[in-house]
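Below you'll find a set of structures to go through.
Both complexes below contain subunit A, partnered by subunit B and then by subunit C.
Moving on to the complex of A and B:
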């Protein structure tokens, strides 16, 4: 935390160092496998009564940044890029917010045998590019 | 435990969120040796400026401990660039460029597993560098196509010769493309989607 309060370095004021990542994750290397967060899991903030100032108390600025960025859906990979945190650390923060019911996720599609209708939709979309 | 600092400033600007209707996110892996044109391909077709995410080695089992004795090992990270293509109101496609060398294979757990398919980008002047990547994709049962990036001055081989040189099954599409040209990259992705569609129909037929 002292590191964050110190004047930003000339090189990259936004780059969180390993100490910051350690503080954010509490030393957790990644989310619980049960959470099944993928690079392309879409995250969406939960609006309404639950998402109040009180419920956000005690969150890190990075948690709050995720909530704000996810007013519309965004993938965990994108959150990781915007926060400049490794995927594992970002997924830990998303997991915290899931537990607090401040965000929900739309599970990534992991097709063992992809649905032909879905592939056709992708094909048509690509052809329109 | 809280911390009332300001939000990371980078996270305040430039976020390109998805449409609220987006519900299905798919990923395609773009693999190949360093300098083969993966990032160029991603940049050419992406609707957003490509972003970078980092993956850390053994992120599930090894705690990130900056003070621990193994810290230099656990902090090993590799950057992946990725881009995004909105397919329809509900479907969004992400393209992840990832190096194909053995020392980066820890990345594959999170990437190739659950990917719709892969584009293997090759440079015809150094095909041997792609052998292991192809073998690994085959072993994992990940559908892929091979796309030869046409570097200026590089020889152009007919797809059949490339197929033979890479020892590929007849069913694997091999295409030429120019990673700098958007339409050319789109055609690569269209070829992959057509290949996936054929494979999907085939598995339906069998199952």
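Moving on to the complex of A and C:
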């Protein structure tokens, strides 16, 4: 039933379209401070029975895109870049999904820093050589 | 005794040329001055004619015509400022996205700007203008709905119901539809209890698409409904402030004008649930198909830039090419790693 009316107009990647961000976030500028989401928080989709089509009803395509992308852990910063949305908006969408229990988050793994005492010990050993 | 110059004596060249040169110079000055005066005279004459034309009511022109043009001119200027500000706000929102307080405030300013924009658009439409804004790509039905929600005060009360996900409206034709839908959703939210919800949904019909707005208001009396329907159908509503009356009819007059110029039909009925059901019937002509990947943001080409997975994923077995090298893999929008 779908047919073309006119030759496609040149797509302008900077044309954000008619939708404004507050409609997506419900006017929220960021997640609740208790949610503790930052740029490097890793987001992972919850698989299994919970993540069914029924539980995903009422989600925007952006929510569904996050679920799809987060089959592997992905940081909020990366999600934000892929969705071309500011961090605050992406974090709000992730928060929605957290509340619906469709994703879970974990803090980025901080690389383990060896004990400074050990480093000093090694340094002294090297100097003695 | 005066020495007479013999004819053989050479004439001093500057002396000989001084007189003709001076004459030529004077003539030049005179000609230039005359030309300048003539040009000035012509400009003045033309200006006076224009001024005269502008001041004199044209015999064939409605006396309201100049008022209408003035209103449209103002509306266009507001639209230009609003559109620029909306673009700038988008940039600011990207820059300050990580600061929840600033970002939240920017969203609020963004919303206010969009509301002003809709008023300016309405003014232009009532003045008989077709919306000029064009989008550079087809707008999915959801985009039309959220675009309309962006321009009303009470957007958090609006629910998006079922809709055909892969249908889009041609980018050049979407603007009148978005504006009309915004007016209808605004009416629905305004004339229903403040704690009730308004639903926007869409479904395909054999020769097009129907977008519906359902409210849980008390409905309208048969007379009011007939009046509203008339406002929608009266194409002749011009810029006659005396006939426009209060706000709801102003909104409906805008919808009626947009429907007439853009080629869709709007009707109001009582819904089975008690409120009002406003339906926009969009002809097939305005529809465009949408690629599945496009409907489901983000687009595939963005995801192909995804960096190689780190951590434990790297240990996953790669397929090997004939040369024993790992095969290229890419990340597709469905979230699967696919072998090309």
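Just so we're on the same page, the second predicted complex is superposed on the first by the 88 of 129 C-alpha atoms of A that agree within 3 Å, B and C clash if a C-alpha of one lies under 4 Å from a C-alpha of the other, contacts with A are read in each partner's own complex, and residues count from 1 in each chain.
What we mean here is this: a contact is a pair of C-beta atoms (placed from the backbone, for glycine too) under 8 Å apart; a residue touches a chain by one contact, two chains touch by 3 or more.
Fair warning: this is a prediction, and the values are worked out from it, not measured in the lab.
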item: More subunit A residues in contact [subunit B versus subunit C]; value: B
item: Touched partner set for A:61, first subunit B, second subunit C, both or neither; value: both
item: First, second, both or neither for A:89, with subunit B first and subunit C second; value: both
item: Touching partner for A:115 - first (subunit B), second (subunit C), both, neither; value: first
item: On subunit A, the residue positions that both subunit B and subunit C contact, one per complex; value: 1, 4-5, 16-19, 21-23, 25, 27-30, 39, 60-62, 64-65, 68-69, 71-73, 78, 80, 82-89
item: Touch list for subunit A against partner subunit B, complex; value: 1, 4-5, 13-14, 16-19, 21-23, 25, 27-30, 33, 38-42, 57-62, 64-65, 68-75, 77-78, 80-90, 106, 108-111, 113-116, 118-127, 129
item: Complex interface listing, subunit C residues touching subunit A; value: 86, 90, 93-94, 96-108, 110-111, 114, 134-139, 142-144, 146-147, 149-150, 155-156, 160, 165, 167, 170-175, 178, 204, 206-207, 284-289, 295-298, 302-303, 306, 309, 311, 313, 333-336
item: Touching residues on subunit A, where the partner in the complex is subunit C; value: 1-6, 8-12, 15-31, 39, 60-62, 64-65, 68-69, 71-73, 78, 80, 82-89
item: Contact footprint of subunit A on subunit B as seen in their complex; value: 1-12, 14-15, 17-20, 22-27, 45, 51-56, 58-66, 71, 74-75, 77, 82, 84-88, 91-94, 96, 110-111, 113-114, 116, 182, 186, 189-190, 193-194, 196-197, 199-201, 203-204, 207
